[in-house]
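Two complexes come next, and they have one chain in common, subunit A, joined by subunit B in the first and subunit C in the second.
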Partner chain A sequence: MSDPPSAVRHIAIAGNPNCGKSTIFNVLTGLRQKVGNYPGVTVEKKTGRFFGSHGEPMELLDLPGSYSLQVRSPDEAVARDVLLGRQPDTPRPDAIICVVDASNLERNLYLVAQMLELQIPAVVALNMVDVAEKNGIVIDLMALREKLGVPVLPMVATKGVGFIELRQALSRTPLPPPPFCAQMPIVLERETMALARRLPVDPAVARGEALLLLTLHEQALTELAHHDRIVIEDTRAAQARLHTAGLDPTSAPVEARYRWIGEICAAALHRGGGAFGPSVSDRLDGWLTHRVWGWAAFLAMMLLMFFCIFTVAAYPMEWIDTGIGALGRWLGGFLPASDLRSLLTDGVIAGVGGVVIFLPQILILFFFLGILEDTGYMARAAFIMDRLMSKVGLHGKSFIPMLSSFACAIPGIMATRTIENRKDRLVTILVAPLMSCSARLPVYALMIAVLIPAASALEKAGIMLCMYLLGIVAAFAMAWLFKKTLLRGETPMLLLEMPPYRLPAWKTILVRMWERGFLFLRRAGTVILALSILLWALATYPKPSDPATSPADAIAQSFAGKMGHAIEPLIRPLGYDWKIGIGLIASFAAREVFVGTMSIVYAVESGPDEDLAPLRDTMRAERRADGSPVFTPLVCLGLMVFYVLAMQCISTVAIVRRETNSWRWPLFQIAYMTSLAWVAALVVYQGGRLLGWT
Partner chain B sequence: MNPLVDQLLVAALVLGALAFFVVRYLRKRASGKACGGDCCPTQKTPNAKLQTPNAKR
Partner chain C sequence: MSHAASAPDVLSALAVGQRGRVTGFTVAPEQRSRLLEMGLTTGAECEVVRFAPFGDPMEIKVRGYHLSLRKNEAAGVQIERL
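Now for the complex of A and B:
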């Protein structure tokens, strides 16, 4: 088991969901893996390097959370396969850090019991001892160490407590394999060892692998892919012999482990007085998961978030706007009238500046999302949503991926790996992009500013909330439709662990805001910048042969103008003109590109002698040939509805392709979302006109 | 500004923007990244800030 001193040792971090694995991983490696106070944040293995207490390098593997090695979902399978050495790209770990939530010792010890059976050297990181103490739980560390036979280290990972001891424990060479594990009934042990000898696997894991095989139900055995037919037949025969001996092979190991855990807890776990009444978390849950008040609290929190987005962000947005205007004027005065000046002012500054201005709103959005995730509220939101979701046939676990999609659909779609059933997972992947991601925020904010410039921040926040709710309702409605037609199946019950409420870790939230802000600015400085240059070229060339042609006519004859005119028949029923059409085409790359594109189109159209006015003012002043305004309230609302429902993101298409392993589902998703968006925008515009609105 | 210099500079910027997307695509394909998104969690982890044993003391 021990490696030569020069070799890098591989250490895996494993444990139940939401017990602090990623926090320990981040502290040890110095990386910034996403952490959150709800189960299912990590869905694939992550690696990083760190040094032991003697400076020896070690490779650290953060595994997705799992309650047991009898897996039910793809993310749990990753943890099991790594620990059993089944993953070809990952060596079997030399040691495991078994992270245990001290406030839930009994439940967490089940996975520890299974990991000890694998005979891999282990260190138990008893995390959140502070929470356990607050709950009146006293853990006798000496007794726990004695019973488990491995080092047990008390830790508070969020405060950096216990890491020195953890490094020291991991630096012990060689770390001995665990001496004890749960004692199985003799008949079961005999069959396990007999099957283990016939398994074509590493002898070190053969017993654990055999025990896992013996506990499988008939259907799971049939679906087994990584063992050949002979092994499966041997397993069936062993199971039949156990049944004859009066032992249920699926429940006997579970009972044996819980018996062992019971003995450990009797010796090491003591509950102090005063922990029997409802805790603060329980009392808060009474309100926040209430049938009525739970919804009221959810809507109030969302409204508060959008209110802050419109009020607090207004000042920095104004500063950025002033800065961009000044830069444009300075560059305009510095360079003589030329194509280069037009490219820099009408293309780069208008395009990139038009998007960068929304940075403060993005930061505030992530500040609030960070607080909701860190306090543990997200699990409560999933709970109240489950009542609605189960009615439309959505899996209860779907809401965590859908909540993640509020930030970006990509991690949301990857988070569907926690869903066991393939059909439920596909339904969630198909509807997750309907949740309003942060890239839609600039589009909503711009259209709201054009629609009701003089309205109060509360009214603007109300419209923004309606757009987010529309996304949620559309996702539920489409999920219901898919579950009734394409992907029929039973709706499984939601079993969700409610994490305790915690005060948010401000440093984590600020780091996350910084990361998202940095990503947004990097995107603006790379993708949006390059797209702005190309869009400017498309909106400028070919130049009209007659130099006296007005800038408005010139852009109509450009490549971009021709593209806009080409799709105009399709979008005219929605009330859009060809210039909006250019924005729609360009934003197939990413939704926020719409804002930059409209900036460029109007800047190029305004000609070289005009200052860059704020985009919302230009859009409000935009007129059709008959003198009527282009951006009427119905057009603005229709555009927002279009962006709520349309699949305007190439990156999401790519991730859906990877997660479904086919082009069929992403293409279907593009088709249904674009059609849905078009029909909904048509209903808003034409329906509104029929009712006499403008 | 000399019209030729003006056109050359504009052409260089436009070609540079095009080259950016081509290089980005090739690099993503080579690194095996799952998607082109900046928020893609499957991207390779940034350079780990290697810690000395005493870093957390």
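Now for the complex of A and C:
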């Protein structure tokens, strides 16, 4: 796979999680970054242009952070495939920057040891030398360079130290391939070379690839898609011979690499006296993972986060709301009254606007998640929560995505990428939208108002709390159920690095926040636009023949109205009539649309302020044919329960589609959540009636 | 490894502050590979730092960094006390 000689050199940047790789990437490329996807998978591909010390252009590829090239998650598979030159659309890099945390040299060198085996020219960016120094770690650079055989550049990426030297090192041509790597036991080396010769790949990578193959476990070997049967059979035979020779091919290379690292560290790494005393991080952890203070700190942090999401975000949300309204009126002002105007203002602008309005909340949530991640607290949250999560067969890492979903399921679902196990990631994605997000609040508020018109703050809060609790219980119950049935699997292994606490790199966090925000808009945008238009059409056509028809009658005669009638037999057991049916259909796109749709259906003029009183009173006065009220307490409660559990958010559907890379899971999610919602609402309504309530 | 030959000590049995050296594994092969790659190889020294509020998982120090793992898996890591 030799590339044509090109003017642009391709450089990959790799490293363990928490080594400061993103910071180096951001400093090198500035804002000349492109974020996309690798074809066929949902792993993010981040590239950026930068220039060497002589101004020569280079393309920098950010490889997903990983501890090893042994593949356990889709992210790690991508890193491996790129380095082996078999990732479609991505040329094999001309050189790698291996970022290494100097304060955690030994474990970080493991990935470097694996990289050097691939024979790609490499430079080691020895990052955070200041932290290492503070911890009493002295690194002999000369010895480290000599032992590794590649350039080693001390850096403090957050302070911009070492970039000139890094550019210089990368500008040197030709960069020689690494001269050394860990020496394997002789039997293993012989089998590796024998297998390498039979691999249909570039001889430069053959040994590295052969070694990766030999290290695979039976399960992974069976799932291997890149090689034909002969290679797999050859690998199995070689593994069997090694076992007979008394050598375990799955562990021997790892131990050989750590042996080599041990020799390197013995020569180049000296721990001063201060290293064994409790560090600031240790002392902080004494509090933050304490059995009393740890929970208090956790609770305080989450409260602060949600406070900001619900109060600070309210201002930009109001501006967006005003802006969208103004845009609609402006367009409506010069377009003649027509289907096109209606499509643009009521369909496109209202529909897309209804999603964009949540962007401030989503961005704030990403901002907080970035801080939690960057400071190292995320690992502590997973640490203290793991016991609870393992009860339903999940991992401590599933906790933060589920918690984030209280504000909005979208960042929560995007945050599941840190979960290595595919099944656990899927389970977390499937149950995350059961957490009551902020879009449900308007529905709860309306139904509580109809239920108890003069509810005190305490009553309101009490009912809201019950709805939130219901969501939590449902999420955990469904997670448990999925882990027992559909996505059966062992409770995943927890093996979590607890990085030392550090101050957040604000720039990195802000860059990531914008990236994620735009990614959401772009990924969800098309689906949201399409569905908004569809729902608009359903509520608009067929048009009433008499143009003087009131909006309430028009919607009643539309497809949405007909669908409301059509689903009436399905929802009658829940105590709903066809008008509520229209609300359910309209709010399939976004839950909060329910309120607006109910205003149209009941022909309530919405005032300039968001006053629920007119709608509330109309709904309370609504009667069935027999004169009994439609919105009995049981119907109100049932509706709330329905909205807790039902999947009514096309943005989430779109994101689940993108994150799982198929329509299967989002469709399944819609099906199971809607069924769950229906059954629960049925139990509330019919159960309540059996108990004699009305 | 002479006096405790019948039942070797395991990592999960160590108390906070106690140290041990890895001598072998009884966990499943896949899990063993992951432990190895995170630096918990035969001969590696580790020290128990703390247990989570519910008593599980536990945090250890190995090769100069902190790693947390469940007691369930730590019970499959044989050690000799130091």
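The rule is short, and it goes like this: the second predicted complex is superposed on the first by the 362 of 694 C-alpha atoms of A that agree within 3 Å, B and C clash if a C-alpha of one lies under 4 Å from a C-alpha of the other, contacts with A are read in each partner's own complex, and residues count from 1 in each chain.
Convention: a residue touches a chain if its C-beta (ideal position, glycine included) is under 8 Å from a C-beta of that chain, and two chains touch if they have at least 3 such contacts.
Just so it is clear, the model here is predicted, and its values are computed rather than measured.
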Request  = Examine A:250 and indicate which partner it touches, taking first as subunit B and second as subunit C; both and neither are also allowed.
outcome  = second
Open item on the list: With both complexes superposed on chain A, which partner does A:414 reach: first (subunit B), second (subunit C), both or neither?
Closed with: first
Looking at the overlay, does A:390 come into contact with subunit B only (first), subunit C only (second), both, or neither? second
Fill in: Touching partner for A:339 - first (subunit B), second (subunit C), both, neither
first
Item checked: Partner chain in contact with A:572 - subunit B first, subunit C second, else both or neither -> neither
- prompt: Counting only touches as set out at the top, which of subunit B and subunit C does A:70 meet: first, second, both, neither?
  reply: second
Inset, instruction - Look at A:624 in the shared chain and tell me whether it touches subunit B only, subunit C only, both, or neither; answer first, second, both or neither. - result: neither
Contacts of subunit A common to subunit B and subunit C in the A-superposed view none
So, in the complex, the side of subunit A touching subunit B is made of residues 27-34, 44, 46-55, 160, 163-164, 167, 335-336, 338-340, 343, 407-408, 410-411, 414, 519, 522-523, 526-527, 529-531, 533-534, 537, 649-652, 654-655, 658
Per the touch rule, the subunit C residues reaching subunit A in their complex are 29-39, 41-42, 44, 49-50, 52-57, 59, 63-70, 73
Interface with subunit C, subunit A side, in the complex: residues 67-68, 70, 72, 103-107, 110, 137, 215, 217, 219, 250-251, 254-255, 258, 271, 275, 282, 285-286, 289-291, 294-295, 379, 383-384, 386-388, 390, 396, 493-500
Residue set of subunit B touching subunit A in the complex reads 1, 3, 6-7, 9-10, 13-14, 16-18, 20-21, 24, 34-42, 45-46, 48-53, 55-57
